[in-house]
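Shared between the two complexes below is subunit A, which pairs with subunit B and subunit C, respectively.
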Partner chain A sequence: MSSSEISGVREPQPDPLKEYRFSEDAIAEMEEIATHYPERKAACLPTLWIAQREYGGYLTPPAIQEVADRLGLSFSEVEGVATFYTMYNLRKRGRHHLEVCTCLTCAVLGAYDIVHKLEHELGIHLGGTTSDGEFTLSEAECLDFCGAATVMQVGDKYFTQLTENNVMELIDQLRGSPDYTPAKLADAIVKIHVPLSSQTGGGSSKPEDLLLPAGPML
Partner chain B sequence: MGILNLLFANRDVLNIEDIDVYEKHGGYAGLRKAVGMERQAVVDDVKLSGLRGRGGAGFPTWIKWNGLPKNYDIPHYVICNADEGEPGTYKDRELMLKLAHTLVEGMIIAGYATSSIAGYVYIRGEYVEPAWQVRKAIDQAYKKGYLGKNILGIEGFNYDLHIHLGAGSYECGEESALMSSLMGERGNPRLKFPHAPLPTVSGVWQSPTLINNVETYCAATWILANGGEAYSKLGTERSKGTKIISVSGHVHKPANYEIEMGTPLMELLETAGGIKGGKLKAVIPGGSSVQIMTAEQCTKINLDYESCAANGTLLGSGGFMAFNDRTDIVLLMKRTAEFYMHESCGKCTPCREGTRWIFKIMDRITSGNGQTDDVALLLDVCSQIDGRSYCGLGDAAAWPIVGAIKAFPEEFDYWIKYKRSPVGKNAVPPTPEVVNPLLTLTPA
Partner chain C sequence: MSDNRLTQTEPSLNPATADMINIKINGLDVQVPKNENLIESAKRVGVDVPYFCYHPRLSKGDAANCRMCLVEVGMPGPDGTIRMMPKPQAACTMPAAEGMVVQTDTPKIVKDRKGVLEFLLINHPLDCPICDRGGECPLQNNTLFYGPPTSRYIEEKRHYPKAYPISEHVVFDRERCIHCARCTRFTEDISGDAQLGFLKRGADMEVNTFADTEYRSKFSGNVIELCPVGALLSKSYRFKARPWDLHSQKSVCSKCSNGCNIKIDYRQDKIQRINARINEDVNEEWTCDRGKFGHDYVSSDNRLKTPMLKQNGEWMPISWTQAYALLAEKLKAAGSNSAGIGGAHLTNEDNFQFQKLFRKTLGSSNLDSRTDRVHGSETTLLSDRFGYHGMGNSIAQLQSFKSYLIVGSALADELPIIFLRVRKAYRFHGASVVSAISKKDSSSPNVGDFATVEMIYRPGTEIALLNGILNILFNENLLPSNPGVDLKGLQQSVSDWTPAKVEQETGVPAAHISEAAHILAAGTMALIAGKEIREHPHYETVVAALGNLMLATGNPENLNIPERVVNAQGAKDMGILPDLEPGYAPVAQLGKNAHEILESAAKGELQALWIAGEQILNTYHDKSLVRQALDQCPFVIVSELTMTETALLADLVLPAASFAEKDGTFTSCERRIQKIEKVFEISRDIKADWLIFSELAAMIDGSPIPFSAADIFTEIAAAITEYAGISYKSLGDGGVRWRSESSSTNTKIFTAIYTPPAKN
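So, the complex of A and B:
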């Protein structure tokens, strides 16, 4: 048994990074967001979102280290935050992360039927990723759009009023689509923090892209 | 009584998200009126209205607004709690999506009344579309001079509004956890009054902080525009005004309905199109944290704080879920227990461990391994959690289970005795096929 297993350390602390991956736009965004708060530390959550976008949709230890270095925090402080919140991905997800809400209303209106259908059709269990890296399937706690049950979140978009019958149609539309990816979600969230007037290029999401009607997708 | 659209009056106006359309329909009149009044007069108007917090607890809003110290050496902050996470509730989503300007206006009024320097809208990370609308509303308000320096020409009234998005934590809807999260930390709650100062005295960054729900700020906008007295004439004696109820579940027309406080529960159910797929079996009137009511109890309840409390439940955040007679209450409570197990932040031992034990026992019952004393064991575990953690999440995990055992004891007994659902094969929610083996108790 190695010493790290005995002490319960999850992963060894990485060496200081030699190469940072935040682009210039990302740094500008981070500095802009940091001015919103009286303390630089408060920008930790938004900066983790920037890291999640810049590192391709999930947070690796180097990503956490970069956030810590840029905000003047320790690695463990930022790691503690990153592991607390469920929307920060600590490992790679498929191109589309299917999060089916199975909380109370959705559960009684057939969310488990949808989960079982997806498990069967995609050949994966909850938490698994298809072998082509296209889909990851998860259960989500209440997404709070119970009036449009059953709801599934894919990236930055809610898909509503799903049933066992129409969900596969949606999956076919999503397959290969460059939209609604974990990185797009992170990008949209970062953009929302920054006033539109001071937004630089950076990502690709525009508010107009996201304001699709809230009704059924199909 | 019945449907009464105050906040929702302009909900269906085309392009109401745009500031020009909003102004044409009386937008920012409340703010203009407020800045013409003394700061204390604004608070007094809110006091006169009798408005109570719409986030769930029903705490009188004016006490918070009045509670910020009048010493301005340290900056004051205003926070909007838009971390809507309560299962069954989606009112804040619609308010932000369509009436973001009403929220922004309410927050500016609160900023004026409390002499704050900045406001933060804490929105849950999943709400990308509503958050974009708030972003656009804030930017438009800056352009029109409702935000920034010397607002509406008032010397020294400087106020900024920022958006802060969460990252998927139910716990951050609790005010002290929300403040931790806003400061860039894990979303753990802090000790509460009287063991620690109130947020209005020492909140975010140890500064006086005002925290209210989205709906509360929107109601404040209406109150300032139309007068606190007009608001106080609506509703019941102790629950004034209107409340937005998010109706979902087995109903024909699930939607957000704004009702006058004191509307009978059955009237709302009828407005929502009635029960589909069977007869009414149970209603959860205020989000998953409150006690479930049987069909018989539902006929006695009016939707206001006092009537709900008198019947052993709570109005909460207004997450109204109706269930038909195909619903298996025990399976439903198992799913509720799973929710709280997942969302417990892990700070306080009774909640962290207790929510796991509740789920394990519920899972044991619903997998056909229930023991005869499991119901007593559940009640015992629940009593060990209730009131023993820093924040309300522990209480909220225990109440629905205790409430369900009280309301539907025969269903628990049936499951334990016959090891199957009393509702039959078509029960909803169905038992998931894949259960995490680590969480299953082997029978003793």
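So, the complex of A and C:
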């Protein structure tokens, strides 16, 4: 039955009592994305990215509820999606999420030396976050940038040709920087879904720059 | 919630209209409906295909994930030779096609099944000795018949907390879960609350509720029965019995008027658990939580085991001989100045003897089984106009309409099985639902979850709302061109109920009313009215207005005002009414209705009042009147299971048998007569109500005492035209529905005069 018939698709109704955090721009983005698919359910993944951006880089239960309410899905269904994919953060990350590639090429070129160096210098283990909330350290599977190994992803950018010796220099530059955050990554991914003509803002990322190595830093 | 109905084909048990095709299963030729899944096809020739996740009533969305039902499938090529598919196929999702060849027992399949089971058992804790499912577990059975004898797995298994409570009734043993998705599909497809889902992935995958919240559902008990392992368990039944130690008796649920077929599993004269019994016409295979977990009162320690007499404010136990002597003396003295209330919770046989005691032996027609409302002769309101009582449709029919109007009913609470049928119509048959209720139902699940339009009206403004809908239907020419009824008068009477005026009166936005009108006019429509209508102060007028809408839209046979209490329909059939004898024959001398009985008792005019199995203090709206009546009446008899609040106000309390301790029949809201059977006896001094009434009548005027409930049923069938031709034996397991004999529809349009509710 098509949704245009009178039999009626009831529009998803956000509960007025709940405190939602999607901005008007974010809602416009979501509605734009939803038009790309035959049913709203299909917009779940991009909407979760919007939520990850709007909720500061990670998905809290209220964030999942907001996505479910806005798309007319059940909470558990959206939670199932959010917990299935590893790029959705379910816990708060540091301001910069350091994801060091430890797949073959990077590992051969000393990725674990970098990991150990970071663990030692930042005083955290893999998966941990520094007490000042600045850095979270994790391992990543192949980041598809073997030509410039060793690679580390921080937020929406790659940093390449890292060594044990130059990585702390990068960390010093990152400390306190408002860029390269998980929310920026989420924003950049949202922007991929929204055609340029209808981008209304909500973030400053340009999709064509996503995950390109950040040039001037090193 | 938005539209989350299924776009795929419905899971159908009886694809009666499908084309038949020829396939070959294990060398046997068989004709099956086209596109039937191969598990069902194999059942036709008695070939067993093992499975866990497949369920005929659930959608196949997430099915084929247990991989247990693998079979080898081949199709004929252009030259007629059979080419087997290179890999085994899941029989549960493989549709049958012409010429298909299926092999279920080749060495390859035997090996595949062993492999699948070995994988499923990797993380399964194999704590069968302390598992409630042990002995009736599909995983145990399939391992026995198809599994490997040993496991090669030596690593550590997953560990989770045992018996983690996820709801009031259900505990979850996550270790045992094999991820079949039956429970998650149940909450999405059937109950509609969609509370269970799969979280995470791979070896960490688990069933859970959103953010570890409580699993709140009115149908949570069904997932226990659906679970093919012992992962979802009943909190109350846990560690109570081994399945092979239980005795099982067929029965009918007594918690509401839907008449779900159940199995009572009992041990040591105690109900251990209640499971659903399949009846395609009633509950299919579902139960609600109220029915599944609500029967502990039967084996409660508080059960009355002897008659109790109040003397000088003190309760003292007396023998039945003393009780009968006292009853005979008092009732004989009271004669026609006696009254009986109740019967909605009793069986038809109890009720038949109840009215016989009062009408024949005592000469009083002061009988009423309707205590949840005040009204006149509403019983005939529907039958005079439309030719049926209570419900125009059967429960099973209620899944096949194009649109539904649910008025004044928290349907999932009041009539859970009818709710499931409506939900099924929405989910699998593309129906649209309009809900109109005065107070938004926020419990889960409810009709509002999937209603296209939900109209919350001010209490008491139903008629204004119905007039508003009719007004739009007339003005926009949405009604069928040839209604067979003269609607001019009706059109005239609703002409000034413009959407704006209705909005002002009812508080429902005009746009919603208009949308509702369009939906209701779109095709065959069924109307289900609930508690708010039945308790309406202007009940008769509202029913007239509902009838007008149904006549105007061309659906006069689809009006349903179902009774809510288990045998309220049967009590009316048996003539527990002040104005109608059994079979709805008018009485010679009109008796008092429940309200009048209570009023005259409160004035001290009644000499004896018998309250049979009715907690009238809770069910009647005016509590102070009830208290006064029970206080002022010189002799109040209550037959009850326990010392209820009502019983405490009586003078004599008689220990009555519960539905598990007697034989008899209940008549459900759709007029289906179903048998209940005696399961056990708690005490010899607890008597079935029909026996109490019969023995007492015998003492007073020597009427013969029937031997059994079956005897009384024979008498009923002979006395009542509606039950004629039905024998106790012919009721069988599924019951028999009695039909109203009059099929002619009186197409009278009543003017529904709107009385605005009192403003406070």
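Quick note on the criterion: the second predicted complex is superposed on the first by the 189 of 218 C-alpha atoms of A that agree within 3 Å, B and C clash if a C-alpha of one lies under 4 Å from a C-alpha of the other, contacts with A are read in each partner's own complex, and residues count from 1 in each chain.
Just so it is clear, a contact is a pair of C-beta atoms (placed from the backbone, for glycine too) under 8 Å apart; a residue touches a chain by one contact, two chains touch by 3 or more.
The structure displayed is predicted, hence computed values, not measured ones.
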{"item": "Subunit B versus subunit C as contact partner of A:L185, first or second or both or neither", "value": "first"}
{"item": "Partner chain(s) touched by A:E79 [first = subunit B, second = subunit C, both, neither]", "value": "second"}
{"item": "Contacts of A:C142 with subunit B and subunit C, given as first, second, both or neither", "value": "first"}
{"item": "Contacts of A:H120 with subunit B and subunit C, given as first, second, both or neither", "value": "neither"}
{"item": "Subunit A: partner with more touched residues, subunit B or subunit C", "value": "B"}
{"item": "First, second, both or neither for A:P46, with subunit B first and subunit C second", "value": "first"}
{"item": "Subunit B versus subunit C as contact partner of A:P61, first or second or both or neither", "value": "second"}
{"item": "Contacts of A:R91 with subunit B and subunit C, given as first, second, both or neither", "value": "neither"}
{"item": "Subunit B versus subunit C as contact partner of A:D156, first or second or both or neither", "value": "first"}
{"item": "Interface residues of subunit A shared between complexes with subunit B and subunit C", "value": "39, 41, 80, 84"}
{"item": "Complex contact set, residues of subunit A against subunit B", "value": "36-39, 41-46, 48-49, 80-81, 84-88, 102-105, 107-113, 115-116, 119, 125-126, 141-149, 153, 156-158, 185, 188-189, 191-193, 195-197, 207, 210-211, 214"}
{"item": "Partner subunit A, residues of subunit C touching it in the complex", "value": "1-5, 7, 184, 188, 193-201, 208-211, 403, 430-432, 451-453, 515, 518-519, 522"}
{"item": "Contact footprint of subunit A on subunit B as seen in their complex", "value": "75, 84-90, 93, 97, 118, 120, 124-129, 131-136, 138-139, 142, 160, 162-170, 181-187, 205, 246-250, 254-256, 284, 288, 319, 321, 323, 327, 332, 335-336, 339, 342-343, 345, 428-430, 432-434"}
{"item": "Subunit A residues within the subunit C interface of the complex", "value": "1, 3, 6-12, 39-41, 61, 64-65, 71-77, 79-80, 83-84"}
